[in-house]
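As structure tokens, the structure follows; a few thoughts come after it.
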Amino acid sequence: MTNPSQSLIIKMVSRTLATFIQVFGIYVIIHGHYSPGGGFQGGALLAAGILLIRMTEGREESQPTLATAIATPLASLGAVIFAGLGVVILFFGGNYMDYGAVPVPGMEVPVVRYYGILIVEVGIGLAVMTGLVSIFDDMVRTNRQSGPDMGRGGMS
Amino acid sequence: MDMSKGKKILGFLSLLSLTILLLVAVDSLPKRGLPDAPAHQVINAAGNTGAGAYFIQSAYEDAATPNMVTVVLGDYRSFDTLGEVVVVFAAAIACYLILRRREDEEK
Amino acid sequence: MSDLLEYVQDRYAYWAIVLLMIIGLYGMLFKNNLHKKVVGMIIFQNSMILLFVTAAFKWDATVPVRDPEIDVQVVENYLNPLPHTLMLTAIVVGVAIVGVAFALLIKIYDNYGTIEEDELLNKLESPSPEDDGDCDTNDTQRSSSPKGGSA
């Protein structure tokens, strides 16, 4: 899986498909308030798009899409967005994660909660996407390390 | 170290008895799709407001969001969701620690 | 006859879940290959997810997304959103668990060259001079060997 695919058809189809998968993933995160969807599902879709490119273009060629080195820091950034929003609310005198306590001028309390949920969903999506990509990268790297043994044992 | 034959038969018997036990226990579960099941009640047996019914009734008033699952995930139970995100992050870190360590040592 | 049909209709989902659960348990207990044990664990996990989703089901109800034409105050109109939320997070945690499990399997295979349980126990109890607790030499030797084909 670390080597680029030899077939031109697979490369072109997956390149085109990955774009639409990722656009749909962003749609699922943003539109999660009005239809089934949300951060977890959208994050999994975004990760699927990146992993499709990883598998067809090879690991080295697909680094510009999402570098292996920044995947784990981005996952922690997603968790920090989530936890940091809760801490920000503490400064306004509310309970942890009680979005309604933030006084935003010209907004009713339910609308403030609406945007609080949106920020949380973006954080979840970021963390899930980069977490899955990071797990995949770790496994594939080890497979390459023991590459010559592939034919001998049970792992494939 | 192959599993001995007696051990295997004992295991199969215990699995079989567990299956029968669970199939009998299914009879005491609420029937599938019955709106009167304890989980769906507005006022539950203890006299408190049922969680599922409360979420259905007041999710839109509380957060102006039509999707109730999103409201429960991001607002009512957001602390729980924070834990889930931390679990995913911890899994990524654990994979990193398990698989990448030797490569760094070699360098 | 219709009584029997009703009896089955009320319970067949639970029976299927019990069956899936037993299949998963069988895989975890009796299979020799560690990879198959993990697959059994995934089946077990999914049976529990199905149990909760079944518990959320109501006849003649719609999905828990507010429709302006359907009254929210009548609870019977909407499915219970709470089990759906819990299982949404459980699925993601399940993926994380499977990731860590496979990472451990890869590590075991790197060190011992097998993921069959009995061979693994044999190697752990009576290590051959080649594998004599000295996994690192084995690995250095392996990674310094010519990598045929894998660029």
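By written order: A, B and C. Residues from 1 in each chain.
By our rule, a contact is a pair of C-beta atoms (placed from the backbone, for glycine too) under 8 Å apart; a residue touches a chain by one contact, two chains touch by 3 or more.
For clarity, every value in this text was computed on a predicted model and none was experimentally measured.
Pairs B-C and A-B differ in how many C-beta pairs touch across them, and the larger number is found at B-C. Ranked by how far their CA centres sit from the centre of subunit B, the chains are topped by A. Note on chain placement: the centre of subunit A and the centre of subunit C lie 21 Å apart, centres being C-alpha means.
Inter-chain centre distance (subunit B to subunit C, centres taken as mean C-alpha positions): 12 Å. A separation of 22 Å divides the Cα centre of subunit A from that of subunit B.
With touch defined as above, residues shared between interfaces to two or more other chains in subunit A number as follows: 34-36, 38, 128, 131-132, 135, 138-139, 142, 145. For subunit B, residues that reach two or more other chains under the stated contact definition are 66-67, 69, 71, 73, 81, 88, 91-92, 95, 98-99.
Residue positions of subunit C with contacts to 2 or more other chains are 65, 88-89, 92, 95-96, 99, 103, 106-107, 143. Those residues of subunit C that touch subunit A in the complex are listed here as 33, 35, 63, 65, 88-89, 91-92, 95-96, 99, 102-103, 105-107, 109-110, 113-116, 142-143, 145-151.
For subunit A in complex with subunit B, the residues that touch the partner chain are 32-39, 71-72, 75-76, 78-79, 82-83, 86, 96-97, 99, 108, 110-111, 113-114, 116-117, 120-121, 123-124, 127-128, 130-132, 134-135, 138-139, 141-142, 145. Across the interface of their complex, subunit B is touched by residues 9-11, 13-15, 18-19, 21-22, 25-26, 29-30, 54-59, 61, 64-67, 72-73, 75-76, 78, 80-85, 88-89, 92-93, 95-97, 99-100, 103-104, 106-107, 117-118, 121-122, 125, 139-140, 143 of subunit C.
Residue ranges of subunit B in contact with subunit C, taken from their complex: 1-3, 8, 11, 15, 18-19, 22-23, 26-27, 29-35, 37, 39-40, 42, 51-53, 55-57, 59-60, 66-69, 71-73, 77, 80-81, 84, 87-88, 90-92, 94-95, 98-99, 102, 106. Considering their complex, residues 61-67, 69-71, 73-75, 78-79, 81-82, 85-86, 88-89, 91-93, 95-96, 98-100, 103 of subunit B touch subunit A.
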